[in-house]
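Beneath this line is the structure, given in structure tokens, with notes to follow.
All chains are identified by letter, namely A, B, C, D and E, in their written order; residue positions are counted from 1 within each chain.
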Amino acid sequence: MEAERIAFSFISLCLILFLPPLLDGIGRKVKARIQLRQGPSILQTYYDLTTFLSVEPVYPTERLAFRLAPYIAFASAVSAALVLPYGRVIPVSFTGDIFVFLYVLAMVSIAYMVGGFSLNNTYTNTGANREMMMILSIEPILGVAIGTFALNAHTLRIGAIPFALTFTVSVLLAYGLLAYSVYVEGGFIPFDVAEAEQEILEGTFSEYSGYLLGIFKWALMIKRFALLWLLSSFISIPFVRNVANGALILITQLIVLLLLYAGIAVIESMNARLRIDHVIRRNTGVFLCSLAVLLLAALGW
Amino acid sequence: MMEELFTLTVILYLLSILVVLPLRKNYRASITVGHVLTGLASISLLAFTVGSLPDVLKGKAIEFTYNLGVAEIPFHVDGLSLILCLVLGSLGLATSIYSPRYMEFYERFGRSWLYVVLYSAFVLSMILIVTTSNFLWFVFFWEVMTFTSYLLMIWENDEEYVRKAGWKYFVTMHVASTLPLIISLAMLYAKTGSVNGLDFDNLATLHLGPIYYVLFLIGFGSKAGVVPLHFWLPDAHPAAPSNVSALLSGAMIKVAVYGLIRTTCFILRPTEALGYTVAILGTVTLTVGTLYALKQTDAKRLLAYHSVGQMGYIWLGVGAGITLIAKGYPAFGAIAMAAGLYHLVNHAIFKGLLFLSAGSVLYRTHTRDLNVLGGLAKLMPFTALFTFIAAMSIAGEPPFNGFMSKWMIYQGTFLSGDGLLVFCGIMALFISAATLASFVKFYTTAFGGTPTTTTEKAEEVPSSMLIGKGFLAFLCLLFGLVPSSIIPLLLTPGKALTGVDLSGWISTKYWLVTIRAPRMPAGGETYFNPWLFVGVLGVLVVAMLISYPNRPKRIVKVWTTGEPVKAEHYKLRAMHYYGPFEEYIHGLYHGGDALSGWGTYVCSSLAGGYLSLGRTLLRWAEKVGKDVLSTGRWYEKNGKEIYLDEAVASPFVQLMKGLGIAIEEVSLSYDLLLMLAAATLGVMMLILLGW
Amino acid sequence: MAVTLKYPFVKLEAPPEYRGIPHIEPRLCIGCGACVNACPADALLKIDDHSTGTRKIVLDVGRCIRCARCDEACPTGAIRMTRNFEVATLDRSDHVEVVELRLHRCPNCGNYTDYTERALEKAFQILPEGLFDKEELRKKAILCRNCRRKLTVDDTIEASREVVG
Amino acid sequence: MKLRSLYIFHLDTGACNGCEIELFDVLTPYYDAERLGVRLAASPRHAHAMAVTGPLTRQTYYAAKEAIKAMPPKPRIIVAIGTCACSGGIFYNGYPIYRRPESPREGQEYPRRGGIFELVQDLRDEGEYVGPVVYIPGCPPRPEEILYGVALALGLVEKRAKGEHYTEEAGFELPEYPIEERIRLSLRERLKYVVGYFDREGILRDFMELAGKAESVEELHRLIEDYCLRNPDSRISLAMRVLEREFLRLKEKYGWEVGMNAKAPQGEVRGVQVAVKRDAGSR
Amino acid sequence: MKEWARRIMDEKVREKYVNEVVEKFGDRIISVERNADNQWIIEINREDLPEVVGYIVNHPEWKETQLSTMAGADERPLRGKFSLIYWISINGASGDVFLGIKTYIPEDDPRFPAVTPVHPGAHWYEREVKDLLGLIPEGHPDPRRLVLPDDWPEGVYPLRKDFHYTDSPKREFTDETKYPYREPPKGTAVFPLGPYHVALDEPGHFRLFVKGEEIVDVDYRLFYQHRGIEKIGENRLTYDQVNFIAERICGICGTAHALAYAQAVEAAGKIEVPERAEYIRTVMAEIERLHSHMLNLGLACHDIGFDKGFMDAFRIREHVMWLAERLTGNRKTYGMVIIGGVRRDFLEYRRTMIEETLRKLREEFQKWVDQTLSTRTFIKRCEGVGVLSYRDAKRWSSVGPWARGSGRNFDARRDHPFAAYKYLDFKVPVHKEGDVLARCLVRAEEIMESIWIIEQALDEMPGGDILAEWKEIPPYREAVGFTEAPRGEDVHYVMTGEGNRLYRWRIRASTYNNFPSLPDAMRGNTVADAVLIIASLDPCYSCTERVQVVDLEEKRARVLTEKELIELSRKVSRRV
């Protein structure tokens, strides 16, 4: 058992670190195909990343906050991903870890914001500002989804929720809310307002260069991976929870993850970016509707 | 032994009052000496707290009585009191270290002796409030606390807004806080017939009616700044000197929570209705307070609104605890209450620290307007670091203390299996993000970017001020990383209330915490280990830093897309933050416009007598002079945007318009005011002692 | 499906109508400089060196705007737009095409004229047989401008003298 | 140098938009530079390469300098897209165009100076590192050409361009045509007004072939009618007929004796009749 | 000639306009001269400039009248005076008249009363004249530099004849010599957009003064791309060569510029262009419009992150590019138009190619329109954004789809029929809403119209030569040439000179008239929309900005449901 645990933990660490660029590459390829072009190689994101990581950065400020932000973001993203289930193993697990997951993931955004606000540049400032507003508007929806799961499963452990869920109307709706909030939080088009390239030059990133940028981008990819892995675990585990074989569960999770990435690529290429006020309005609307889900859950449906 | 330590604390405070009187010619010396004594007093209070822990954890309270000859003051120190003692001790210590240098900023007002007298009286009154076990004395000290805090608050009395905030505070406290307490005191006195009968033990044996719940809720709620009685707070706290703000926000409003728990849970019975009320009031408070805070660009006003918001968390935790205890989940209820109290301690520490930091900024730059601040991290690195720790704590980021208490509050609400409480938890989660947003703004506008014309001459504050803040920052980390150092203490009130054994529900080993919910599937609970998190994060950061060393060889210009832009213009100002979001919740902010008319109408018809008092006072004020009246008009004229909170409070505003004009006149002369306050105090004391 | 072309990994021909980079066919160029006059971008240079008697027609593809005015103006078809477009390089000297031609030397005074030997030959080709007195023309045309003027003046003086005389 | 990923920042130093749009085109489905790892960067901080278009006006000079200085210190590849960026193009000596003091504004130097090189040289003088410059001439270059240049920068293709220096040794040819040279030149000039400069060479070649074959004016006329029947393009037919008329007119003018292939007609009115016929035929 | 064209080009109608002006100002008019078919030059004293120009431009009945161009010239070698000429076009399907209001300014007192206070559309023209010729407009609201680079010394005027065209005088470049931007209004931050912003293809600096994300005001500095083309054209190049630099004024609408230039010279030199050449010019101009509009629609998608729309628009556009390459030898800068005609003929196979491409294009573009307009996020981003009111459009003399999206109903192709347009039938799409979506729709509809125009032109194309021979152009004659470029009316003013060279050449690109109205469209929108609004202007030539009073009340938001939009797009496509 211990050997399996160590093996799975190691595999999960490898997945966390090295899978996200591949998934990003797949997303890019799918998008390219939808646009009827050949698109980059699936490994292109690795190339991009290694190229960035080999380039010496320039520093527009000597401020420590600016220089440390990418490292913090990276470390937080990896730490957040470690509380998720990989097969039957969760590298780090404890009660209420879903909040820790959210807060640690929020640290990626905090690093993004602090980096963006640490120097006088309206582009980075606006990017950071928008990132915060995104979090503000999506947090209650995520909260309702978690609340519904907690009411249903009576546990707040990510590892335990999918195993303990009983499927009711409210839980199914909560899945929808979770998927929506994961999509928004991941900053996919039309919700990529914080890193909008054409409007605000990728926000905070507009001042990062070289390996600082590489690390930051890597961190964001890991963040997306963590979010989608959470979703894919929630989707896949209830179907395979009686299967004892951890490897099989892991493979199911991976397949669902791939499908999610491909699906997201399709949605992304079919949409224009929204404005931040559109996003807030839409999210608030979803939140108000989601209260009905909570009511259903409270009534036990 | 413990009793003597406590007495030493009291004596040291009294001594500090006496010592400064001969030194009053020398501003600095008197304040330094006074604060050395108060610092020592705080240390002795901390020593008392630590020393009493073993007994208190076993459930034994420390009881003793001071016989003053004319009256006896009984004391009863249990877990709940000790939590507040801890807060008062640590905050008192920090402000005592911080204040001597900081008060130089106010040297032009002179009167150092008075400041020390008031400071000592204020802190001492709070210590006595949380330890005394007699309701009469409780109310008496409560009044002392209100008076001293009022006088400290209007220290900068040549500023219009300070005087305005002062009378707002004074009036609201007397109408909404002291009055209900005195009414309940009178009713209880009528019931028991003796001062001794007002001992808490005795009162607990009485079966008191629901009217007391209402009176206590109003009385303590208004002091704690619970919506809708919070409107005085955002004006009052920024008006005071920052070290006093730290005490006001860090300690005084916590005393109200103590009062609430002490009265409603220990004297009265915890009921479901009470619990829900407290929890919902808490949720409303945290939502309203924080969303208002989001919009502020005045550093201290922002912090003050956050005090409102964070009090909401405390109330939510306590309310959830009361509900669950009343519903028959004693263990889990105790945990939820502990979560609320945990947040109480944490909030005292980080909010104290934040006010001290804001004070440091004010001390060096003479402004608290976040729009004009910037670039201080470079000039005041330690202040920046401490502020960052405090900001991350209040935003609830792991591994700081705010995260631990919020995490426990979420657990307490989400796992309660009660839809309403879950909703409260969701709002708390949401508002946590808003808090983060607000503090990202607070930190980055003041400390981020390049220095502006306002800040370019700033430098780091003196080391004594830094030590004061450093102590609090250390506590932030300590309570975040080693929650088990305080959780057993926090659990004692719950234990005392329910009398159940909590082992198996919550366990604390070294620095590890685990919580079990009532209906949680059994097994598999593991510990949350902040150190593990810190370890993983640290290892990753260090590993990346080693692989990609981060040493700027030279600094290039910021990218301005090719055309040079002045740095001062190339920055979002504090007021620009979160514009679209605020615009979207604009309705909440400005619903007041519509509500104010309606509210005024309803309230005026409901509380005719209440208003006639105001009208009488108005008539009296007219006699005082027409120019004085202009102040009232000023208030009306300049309140262009009527916020929702003020609309709800419109009867109070009506009243205050009258009262305020009177007090305005009085407060123009500080000495007169002092005399008046002393006289009122004396009269009250005489009345109380005479009974 | 994907419509992407495989270029640059496979060869790709430009369409026959394409105006690619110009190219001077050195065997046809007579160094007349018509293209130089026509070029709006001054991509073509005419550099005469009267000391060594050479004329360089320099084509700089890196300055050429590919308007095909030179193609249009060239009397011999020496400069043509090709269909080649792959001229990216790291070294600008790769873009330069130089045709170095000999200038005609005046047999009378020994100075170099401002036209090339080839231009002269081309001129003779254009002149129709028998239309003019070819020998006479040859005698005059090969002279440089100064000598020719002198010859003409001399002739006139002589003729007038005949008339007067 | 072999890069598998190239973030390009686009720097317009006063171009006419043609090159910009072609640069955009390179990213679109038919050319899809992303498959080579090329992406447009949002900020020079991300860029490995700078795609420069335009002749470097004085107003853009300072901003462009800032932009290149804002790049990471290496590799700082410069991709000069278009003739203007390579050498200043048609605008090279306009008054608002930047030139280094030592660069002549009029001159006989070659390769021609101007464009981005002036800025690169200034930066190098200041001690800034600037990587290699890839010159992609064209006005505007085709997207393929830009792809080729980028591929060259990435080391995916070989350089093909080569400077040439011809001297008299290359040999000299005076090509002989079936018809007299001065008539050919006149016809060539006339054709410009009928079908334009581009198509005239082919039509003239065909015509000369026919004229060479024809023994008499009637035969030439017949051959041309044949040719027009075979070739259904009305414009070419028209051109051929115009050529025929012009040819006969010139023959008439210069006299039939000299350098004649097609024999002179017997009667004087012959040429006129042909012309009338052509007018009828072209309707 | 079609009936509508005959009506517009009616001699009586034309004279009515001229006569009214002459009658109105009577004695104050020094001379009236008809210098070309539809062009009159009226000479007046400089004091009367604002009154006369203002009268014609703001004439209440001549609704779509506008200031087309204004040129200053250094006529000191000829007359010892500077000259100024304001060209006003009378549009709106009522008559085909260009009025040139000319005045002379003495050398020793180079001042004239500014027209800008009467008609803001003259703002840049007058600033430009000040920069390049040193003629000072008195009473002009914004005396800042417009065209010349920041490091250009004061008092050197490049367009004066005593300035040699290769000179490039310099002054020290310091913070003081930097362009004096306005101080940001209180409580705003600066959002510098450009010169090197990823969404601007060209350098231009927009200084957005923002409150958070909301744009409060805009200041900007353009003319980064000022290349001194007019000076080069007047000095270095011959008549024929100028065509090629005219084509390189703008890489997107080069043919329109080359055509406008050629038409101006043809009008001045009275050169008759063969009819076939006119048709070929028309086809080329429309092909250019096709690619330009598709480009713009694609870029609008790109700016809001709608990559599918961007890629598809460019994919469809590539057919046009390939077609152009086959027809002219290059994908852009066609090099087709030359004085007197065109340079390449349409052989049969090229005709077939055009027809095939158009068939493909119509089908695919229709699909694109359907798909894009059914993307809700796209509509959401474009609707009610960047609203330019009719009043502003008129005030600033805006042209092209930018103005037609705001309800201005004029088009140089219809109102001043040039090339072969007088033989063809087409509609001018106009939308009244004034937002980005309206402009997108105008462009989409124009694409369909263009396809229809090309088809007609191919069908009706006559035989004959494609190039007229011309020997010499008489010196010192003035004329304007005008075309409807994809972005609106392009006007070139020429004054012929000696030695096969121009004396004065004034280029007025369509964007030049559109740019100053940009701040009006941008105010009140958010930063996120800024690049979209700029893209919807479809800027192609660098111009500059001005200061003016904020007038937000005019802005009306419009609500159009998705269904209506789809209907609309269907309607567009069904028509052709």
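Some observations on this one:
Methods note: a contact is a pair of C-beta atoms (placed from the backbone, for glycine too) under 8 Å apart; a residue touches a chain by one contact, two chains touch by 3 or more.
Bear in mind the structure is a predicted one, so any value in this text is a computation, not a measurement.
Following the contact convention of this document, D, E is the list of chains adjacent to both chain A and chain C.
Listed by label, the chains that touch chain D and also chain E are A, B, C. The most central chain, judged by C-alpha centres against the centre of all protein C-alpha atoms, is A. With centres computed as the average of Cα coordinates, no chain lies farther from chain B than C. Across A-E and B-D, the chain pair carrying more C-beta contacts is A-E. Of all chains, C has its CA centroid at the greatest distance from the CA centroid of chain A.
Taking each chain's centre as the mean of its C-alpha atoms, chain A lies 36 Å from chain B. Computed centre separation for the pair chain C/chain E is 40 angstrom, with centres defined by C-alpha atoms.
We define each chain's centre as the mean of its Cα atoms; on that basis chain C and chain D are separated by 18 Å. Centre to centre, using the average C-alpha position, chain B and chain E are separated by 65 Å.
Of all residues in chain D, those touching 2 or more other chains are 28-30, 32, 35, 42-45, 63-64, 67, 70, 89-90, 139, 142, 192, 197-198, listed in ascending order. Across the assembly, chain B contributes 556-557, 559-563, 570-572, 576-578, 580 as residues in contact with two or more other chains. Those residues of chain C in touch with two or more other chains are numbered 2-4, 17, 40-41, 65-68, 72. According to the touch criterion at the top of this document, the contacting chain pairs are A-B, A-C, A-D, A-E, B-D, B-E, C-D, C-E, D-E.
Residues of chain D touching chain C in their complex: 29-32, 35, 83, 86-90, 92, 108, 110-112, 114, 117, 132-139, 141-142, 144-145, 147-149, 151-152, 156-157, 159-168, 170-175, 180-182, 185, 192, 197-198, 201, 254, 257-259. Across the complex, chain C meets chain E through its residues 3, 15, 17-19, 38, 40-41, 65-69, 72, 81. Those residues of chain C lying in contact with chain A across their complex are 1-4. Interface residues of chain C facing chain D in the complex, by the touch rule stated above, are 2-5, 7-9, 12, 14, 17, 21, 24, 26-28, 40-43, 45, 47, 58, 60-68, 71-72, 75-77, 85-90, 92-102, 118, 121-122, 125-131. Put simply, chain B touches chain A in their complex at residues 374, 377-378, 396-398, 403, 406-407, 410-411, 414-415, 417-420, 422-423, 425-427, 429-430, 432-434, 436-437, 440, 443-445, 448-450, 514-517, 519-521, 524-529, 532-533, 536-538, 540-541, 544-545, 548, 550, 552, 554-561, 567-568, 570-572, 576-578, 580-581, 583-584.
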